[in-house]
Structure formats: C-alpha cells, structure tokens
C-alpha cells in the first residue's frame, strides 16, 4: 500500500474550556471514500476546519502527501490540493453559476477562457443542468446549490475533497442522486473523499471505510458493517437515535 | 518640562469628557450590537437634541441640564418614529446601503438645522453651574463634573437594566440569536424599536449635559459621529462596560494629544491610536465580536 | 456671492440688497451712466473650491456681470479669482487673508483691512491701553483657530507684540470645530499671562469665553481679533455675560458718526432687526466703492465705461474721503485709495468691546476713536492685579 | 490577448462613450459653465469608477478617496511648482505615492482581517489623520497654495478654458473604465467578486484574500493618485482641506447608488448626482441655505430604501430592453 494521502496525528482544538477535537489521529488512503460520522457536536466540522486551515489546531500535526500543512492558511491548503464543501452552502449569490465555478478553476489556470471551459466540465461532471449554467446563484434549488458547491471544489482539481454534511436538508430521493454523483466523481477522477455526515444511510452506501467521532474523540473505525455493529458506536450514537 | 498640575488637570478633564463620550456612544453600540444597523447620523441626533435643548432652555430660562426631563422622553419618541420610517426598511440591508441612507439622514438633519437656525452658535447664556472647584493647583469645572456623574450613573442604570430586567433579557436574547428569539415569544421588531428609541434618547441626555457649557451649530454632529463609532469599535461590543472603558480611553487620549502634541492634532492622536488598536486587537479592547 | 456655510453669508446678502436698493432708488442709479441701475445676482459659493468655481463660472456665463464680490473663504476666493481674471471681471474681495492680493492678479481689489492688520490692531489696542493706565504687560498668550485666516491674524498680533518687546509665552492653535477648551484653558492657567489675544472663528469664541469664566481665569485683558465672535450680537446672545469686556477687531465701524453711516446702520436695523457687523459692513463700503468706481468710469471713459481695463483704471483713480464719497463715510479710516496690488492703502480696523449699557450687553466701538459717551474698559474689572 | 465576445462589446462601449463625451464640447458650443460642470462631474466619475474596484468588486467600503487623490495631486503639483517637473511625470509620481500609502495601510489592515464597518471606520479615520498631518507646519501648514498663472498649456496640463482638461479627463475616465473591464474579466475580478460574496468560501477555493484585496486597494489608490492633479488643476488651489471627509464619503455613496460592481452604474451615478447637485446648489443655494443638501439627503434615503440595488438595476433593465447583454 502506498503512503496515505492524508495523515492526521494527535490533533487537539479547544474553544475556551471546551475540547472540540481531542487527540484525533487517522489516515486517509489515496482514492478511497472515507466516511466520518458522529452525533451533532462530535467535533466533525471542527476537525474539517483544522484540516482546511480555517482553524489552527493547538496540538498535533497534519500531513498531506507527505508534507506538513498544520496551520497553513486556507488558500495555501487549497493550492496544495485539498478542497471542501460546506454544511450550509456558501453560494456566490450575485455571480452566475459558471462564474462561481470558475473561481475554483482559476486556482490552476490564469486564463479566464480556459477556466470557463474547465468550469463547464466540472458542472457537467456533477450533472448540473446545462440550461442553468448562466443563471445567478440566487435562482437555483438547494440540490443545485450543492452541485455548484461540489463543482466549485472539483474545479480546483483537488487530490482530496472534504464534504461537510452534503446531504443536509435534502429529500431522500435527492440524497440518492447526490450519492451516485459522488461515486461517479470518485470513479472518474480518482479524487479521494472524506464524507462527514450524520445521516447514516447516505454515508453507509457511499464509503468503503468509516470513522466514528464522539465528544471530540475517535471511537471506532472499520467497514460500514463493522462500525454499525460496534457496541460503542451504538451506545454513543445509533442507540440514541437510529436512522 | 510640562507642568505636572497641567497634566493632572488635562487628565481629569479627559476623564470627565470621556464619560460623556461613553454616554453618547452607548446608544450607537446598543443599536449596532442588537440589530447590526450602521448609523452614520448618530452625531447629528446629538446636534438636533442640542438645538432642542437650547430652545427649551431659552423658553423656560432654566439650565440646559434641566431640560433633559423633557428632551429625553421627546427624543425617545422621535427615535421610535425614525426607526419606523427609516431604519426598519433597511434592516438586514447591505452595510453600504445602510451607510448611504444614514449619511443621507445626516444631511437632512444638518441642513434642516441650517435652514431654520442658520449657522450661528446657539448657547444658553446664563448657565447655573458655570464655576469651578479649586483644590490647590487642580481646578475642576462643576458642570463637567455633573455631566460626568450623570453619564456614569446612566451607564450603570442601563447596564442594570440589560442584566436584570425582562426587556434587558429580550435585548440580550435577540442580540445573541435573532432567529431563535421570536420562538421564545420575543417581539423582535418591538425590541428593536425600543432600543433605537433608547439610543436616540441617550443622545438627547448627552446633548443636554453638553449644553451646560457648550454651544451648538449645524455641524456639531460631525464632532460626535466618527468619535462615537471609534468608541464602539474599541469597546468591541463588550456591552456597557466596554463602551465606558473605551470612552474613557478616548477622553484621556484626547487630553494627552492636546497636552503633548497640539490641540489641533488631538483627534489625529485618537484616530491613530484607534488604527493600532484595531490592527492588533480586531475584536476591540474589551470584548467579543 | 455668498457661502451658506460661512456664518456671514446671510448678513452679506442682506447688506448687499439694502445697498442696491439705496443706490438704485434713492440715488437714482449711476448718474454718469445715465442713471443705470445696479442689478444684484447672488450665488451660493458652496463649501469647496469646486463649488465656488462653478458658481463663478455660472455667474459670469449666464449673467455677464462687470463686478463680482466674494467669496469670503480664502481658497474659494482663489478658485473664483482664476475665473474672474481670465474673464477680466473685477473681483472685489471680502476675504481678508493677506496673500490674496499677492498672487499677481490684475483685476482684484480689497477695501477691507487684511487679516494680519486685524491681529496687529488687537495688539496695538492692548499696548496703548496699558500705557495709558500705566500698566506693564509682562507676558501674553496668543490663541488662534488654525485655518489660514486665523493663522494670519494670530501671526499679525504676534509680530506686533514682539515688536513692542512683549514676551509671547505661548502661541496655541486649535481647530475651530473644537468641542472642549479645557486642556487649552489649563495650559493658559499654568502660564498665567497678563494678556490673552484670541482669534476665534465663531462658535469656538462662545465656547472659549464660557470656559474662561468657568475656570475663573482673571487675566488683565482678553482681546479678540479677526472680526468674528465675542462682540457680535449672536455671540453675545449665546455667551451672555461670559463675553463682557471682551473686545474684537472689526473691518467696519458701525458707530462712526458720519451721516451716511448712521443712515445705513439705521436702515439695516429697521429691515433686519439687528446691527450690521463685520460681514455687512464690508459689503456696505465695498458696494459703495463699486458705485463710486462706476461713476468714475462713466466720467473717465464715457464711450466704454464697462471695459474691464477702463474699470480697473477707474478703481485705481479713486481717492475716496468723507467729503467726496459715501463709501469713505462707511469706512473706519474714512479714506479708501487702492494701491497697485489692489489693497486699500488706508486700511484700518476698529476695536469693539462688549459693555453693559443700561442693563443690556452691547458692542460699542472703543478704538481708535471711542464712540460718544463710551470709554474703553481696561483692564478687566475682575483682574486681581499683578502678582 | 484574445478577448471574449462580451469583453469586446464592453471595450467598444467604453470607446463609444469616450468619443461621445469628447464630442460634447462641440455640441454645447464650448459654453464654459457647462464644460466646467462636465469636467467636475468627470473627475468624480473617475473617482467613482476607480472606487468600484475596491468597493464594488472587492466589497470593501473605502471612505478615504480624497486621501489618495489629494495626496497624488499635491505630489504632482509640488513637483511642478518647486522643481519644474511636468505633471505628465508628476501624475505618475502622485500615483506611486498614493499606491505606496495604500499598501502601507492596506497590508496590516487586511492581514488582521479588518473588514465591513470596521474597514469603513478605519478609512474614515485615515482621512482625519492624513489631514491633520498635512496641517502640521512641516507639511502644508494652514496656508492655501495656488498653481501660479505662469504654468499654462499642455506641458503643464493647465488651461484658462476647460475643453482641453476635459478631454484629458475623459481619456483618463476611459482608461479607468478599461482597467475596470479588464479586471472584471480577469482572474483578479473573479477572485474579488468571490471575496465580496463570501470570504471564507473564496479562501477555501484557493483565493489569497489578503493579496487580492491589497491589489484592489492599491489599484484604486493609484488611479486616484494619478487623477488628483487634474482635479487640482481644474480649480487651481490646494490646501490641507483637500483631504476632505465629506467628499470621500460622497464618492463611496455615488458608488453605492450606482450599484456595486457595475461600471455603467458607477459612471451614471457620479455624472447624474454631480449634475443634480450642481443644479440644486445654483438654483436653491442662495435662497435657503442648505436646501440643496437637504434635497440631496432625501434623495439618498429614498434611493437607499426603495432601490437598494442601485442604478445598476435600472441600467440592466434598460440593456435587456435594447438587447445589449454582457457585463455592465
């Protein structure tokens, strides 16, 4: 097995007295879709923010493709090849859909025409309806927003994509649609993904391997079946609220 | 080299003026903290209130401080009206739009005053407290002492109100989360209106106190607008106490600038300090943002 | 041309309207020009040089005036002069800043005393009074608002004091929109000078006088300079007895006992309910000087009196005294004659003092010639003597 | 460089506008008053279109326009009066000094993440600080400075009449608009617009927020610093009061009323508001003091409340009507 694409080692992040992420370590292998689950407040988004540079962890190290990236600003981390989406979509409302995706594409090219081409490709890849390429961000549906968010991230040509609760707010039918999009993207581009989710059904069908967080700690790791049957996980999470 | 008595005297005056600045800035801080309204016409309300104070003081021939009994409730009502007509429509608008609208409001207030009162100074000619207490080399102006004391008391009363009353609770809850507050049975619009009214009423109190020794003209507001904002920024929305401390800092900086640089440069000294404070403490000196 | 933002715009406009009425109706217009009437057009010169220049350009392109009066604020006057010079229109300035006549402009005239003369007048008055009363002035403090006007006046006073060997212990400048004088008062207190010469803009004068009263400062004398604040009716109304015994210098003597001066002051009072001071006064004699110049031009160049170069010759040829003109009767020195740079060679400022007369505070002229029945009050009665 | 169709359309539109504006003096028979109004309005149009870069694209409410324009203008004027250097060079020096100040102020400001109202306050204070520094005797002091009469003609960019300077102003305005068109259609423009919309999201896409904000600020300051001399040349006088808070705010307000990020909106709003303002001043200024500013204030309130998208939305509508797509 090759060197893991992302190595997280003993990362700690505190807010005042609260330890949001407590000594978390794990590896991500190239090409896989890794699920990261846990109840609300488990520290998943905080961990994401540590990896993508929004927060600087107090302790621990993060390595991406063998290079330490701990504490780098977000734009540098993005340049190294980590992209992300947001739990609550952060659309560029006043820009047209293609333009918003071009912002991502411009990370790898300075040529606007080329960026436009790449943006259109990324939108096509995620299955965004072609007739809506030139409407403004304020005029599309939630699922379409998720697609734009995804396309924007893919357009930066990342090695690793972090998806923060992409399914939140979607109807079951839409979730299935999104899951198949993600699988296709993973298959066609080989982008490694970490999928944070607390909707179990969505993430279980999607990922090959899963991590479970609870109260800032990693409490379990394994295939979806292993995790689903782990008593600690059931106690912390499934036991309280089965999906 | 500089006379220590002079420095002491200036510092005392700086503290007294600083308390008054805090009082004037408090309304701005409450309104901004609660409803994110950027009011660039705040100082112009001080100016309009100062004219109102003067008119009433001349009519009844009483000291301007006494007129606060009339002007404070009056400006509370004026504040409610302004909220309804101008502020409510721009709630949640882009900051730039809010600034454009309130700058427009400032133009309106200034030029109403200019058209009606003309540009000459207006001041009450027979103030009651126009003398000083002399303790050795230290002289303290009584009217300023009264103004500072009333300001300080008002700040504490408002603070008490925010912490201990039902209205205060509603303000703090709305300020913390505007989406959740209505679910708890809080009428957000009403809280906004009352707070805005309160903010304007405080400018009226500040104006009444200032007119004990000061004068007003159509452009008085410009001296207070930016200064109030600087106090709010330095206080960092840390509530009443943040405003109190940063008002004091501004007053003292002004006094020091006046003493060691020149009276012309005193505002530049304050703003320069503001620059560095904002750079190195972007959350303000006394609070969260 | 008035500026709505200069405190004096309104009074200047009122005064100009009064004078034009008198010239056109009572005097029957300009005789040498077959009774031609003067037509007054007023433009607001705004706040910025941009505005002033636009106002000048509009006046000139739409009204084609032969003479422009304005624009009070120095930098605005400069912007206006660029236009009037190009168009060869005579500009009679009511801005007092010294160097306005030092720009090499060909068509500008100024009857009023310049800023530094105001400062010097205040100093001369104080020095002469002290000599008369046998008092020695050990030290003085000069205080001026920090615009170009205040600076010239303050410097004028300082030069005069230094020339007379008086120690100027401090020269303090401050912005005219100051809201609190305490640090300045504290500084003056720690110096404890005999004399304070103060050059206020307007609003700051009220604030200063009140602060002095409150702090219990009792110097030998406080003299104002520069035509605004302290002694005009608005200031007296606003400051009350805080300005009692303050003096100020004026470009105009409203008490001058000449026939025309009395008449104009009375008519102004009847129309507008107050006595004319600085702004009105300058307009009075400037307008009557224009009137005299137009008459002169009609006599000198009957074929082309309004040609700018002819008009300029007429202005330069004027030698107005009490006996031969209305303008000089309205002027403090009673004599108007322009030098080659356009400044009046016989420029003079007067000193007015706030005194209590029959229970009310009134400005009275006390220097160089006190008005009848009035004595300058010097030193201040609350002065506790040299210590 | 290859231009897309939309960009070519915009460039053609700017060229057409410049030619049309340059022809106006002939149409109005070189009437000086109207030429002066047009020139003054064009000065503000340059300021507002330049402001659009920092305010419209990058979304930073800069209230210090007259710091940069006056500083640049005074540098050029001083070089001319003291050293006999032509403003053709002096204006570039002015632009350089203004850009340097912007970089010195902007670097820490963006480094420390100061934005929104705090950025507005910081820039508003900057005007006061620079004014008071310039007011010190070591710099300009209290005096007024005039550009002497002897400096006239193309070499000094100073003229007794207005049409020549007006044409220069129109050319600078055209250049400023082209810079806007270029930015708007380049990587910088997309990045700035993304920053205005959502800084955090932009950063996660690899946008160096500080760097691009600084680029916007410095570009804006440089254009203002360049044009500043033309403004001084227009009225012939400069003092420390040129560092004017009220006028700086006016520039930002014209930009807001024009609609953020719209070149056509910025232009239209500056020209219209300046002409309306002048009309109000000349008609009412001497009747009731302040009436013209009162009306102006009411106008601002009404536009802000009822048409917050600014004039740009009106222009957009108009463009759709005549079938003229593409970016404003």
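All chains are identified by letter, namely A, B, C and D, in their written order; residue positions are counted from 1 within each chain.
The criterion applied here is as follows: contacts are C-beta pairs under 8 Å (C-beta built on N, C-alpha and C of every residue); 3 or more make two chains touch, one makes a residue touch a chain.
Model, not experiment: these values are computed from the prediction.
Shared contact partners of subunit C and subunit D, listed by label: B. Between subunit A and subunit C, the least number of touch steps comes to 2. Relative to the C-alpha centre of subunit D, the farthest chain centre belongs to A. Contact count check for A-D and B-C (C-beta pairs in contact): higher for B-C. The centroid of the Cα atoms in subunit A and the matching centroid in subunit D are 42 Å apart. Mean C-alpha position of subunit A lies 47 Å from that of subunit B.
Taking each chain's centre as the mean of its C-alpha atoms, subunit B lies 37 Å from subunit C. In terms of their C-alpha centroids, the spacing between subunit B and subunit D amounts to 32 Å. Contacts with at least two other chains are made by residues 4-5, 9-10, 146, 173 of subunit C. Looking at subunit A, one finds that none of its residues touch two or more other chains. Along subunit B, residues 114, 118-119, 222, 264, 267 each make contact with two or more other chains.
Chains touching one another form the pairs A-D, B-C, B-D, C-D. Listed in rising order, the residues of subunit C touching subunit B in the complex are 4-7, 9-10, 146, 172-175, 177-180, 182-184, 186-187, 189-190, 202-203, 205-207, 210-211, 213-216, 234-235, 237-242.
Against subunit D, the residues of subunit B that register as touching in their complex are 32, 38, 40, 86, 89-90, 93-101, 103-108, 110-112, 114-115, 118-119, 218, 222, 226, 229-230, 233, 264-265, 267-268, 271-272, 274-275, 278-280, 282. By the touch rule above, subunit B contacts subunit C in their complex via residues 3, 5-6, 9-10, 13-14, 17, 114, 118-127, 130-132, 134, 139, 141-144, 210, 213-215, 217, 219-220, 222-224, 254-255, 258-259, 262-264, 266-267.
Within the complex formed with subunit A, the subunit D residues making contact are 2, 4, 185-187, 190-191, 193-194, 197-198, 200-209, 261. Against subunit B, the residues of subunit D that register as touching in their complex are 55, 61, 108-109, 112-114, 116-118, 120-122, 124-126, 128-129, 131-133, 135-136, 245, 249, 252-253, 256-257, 260, 288-291, 293-294, 296-301, 303-305, 308.
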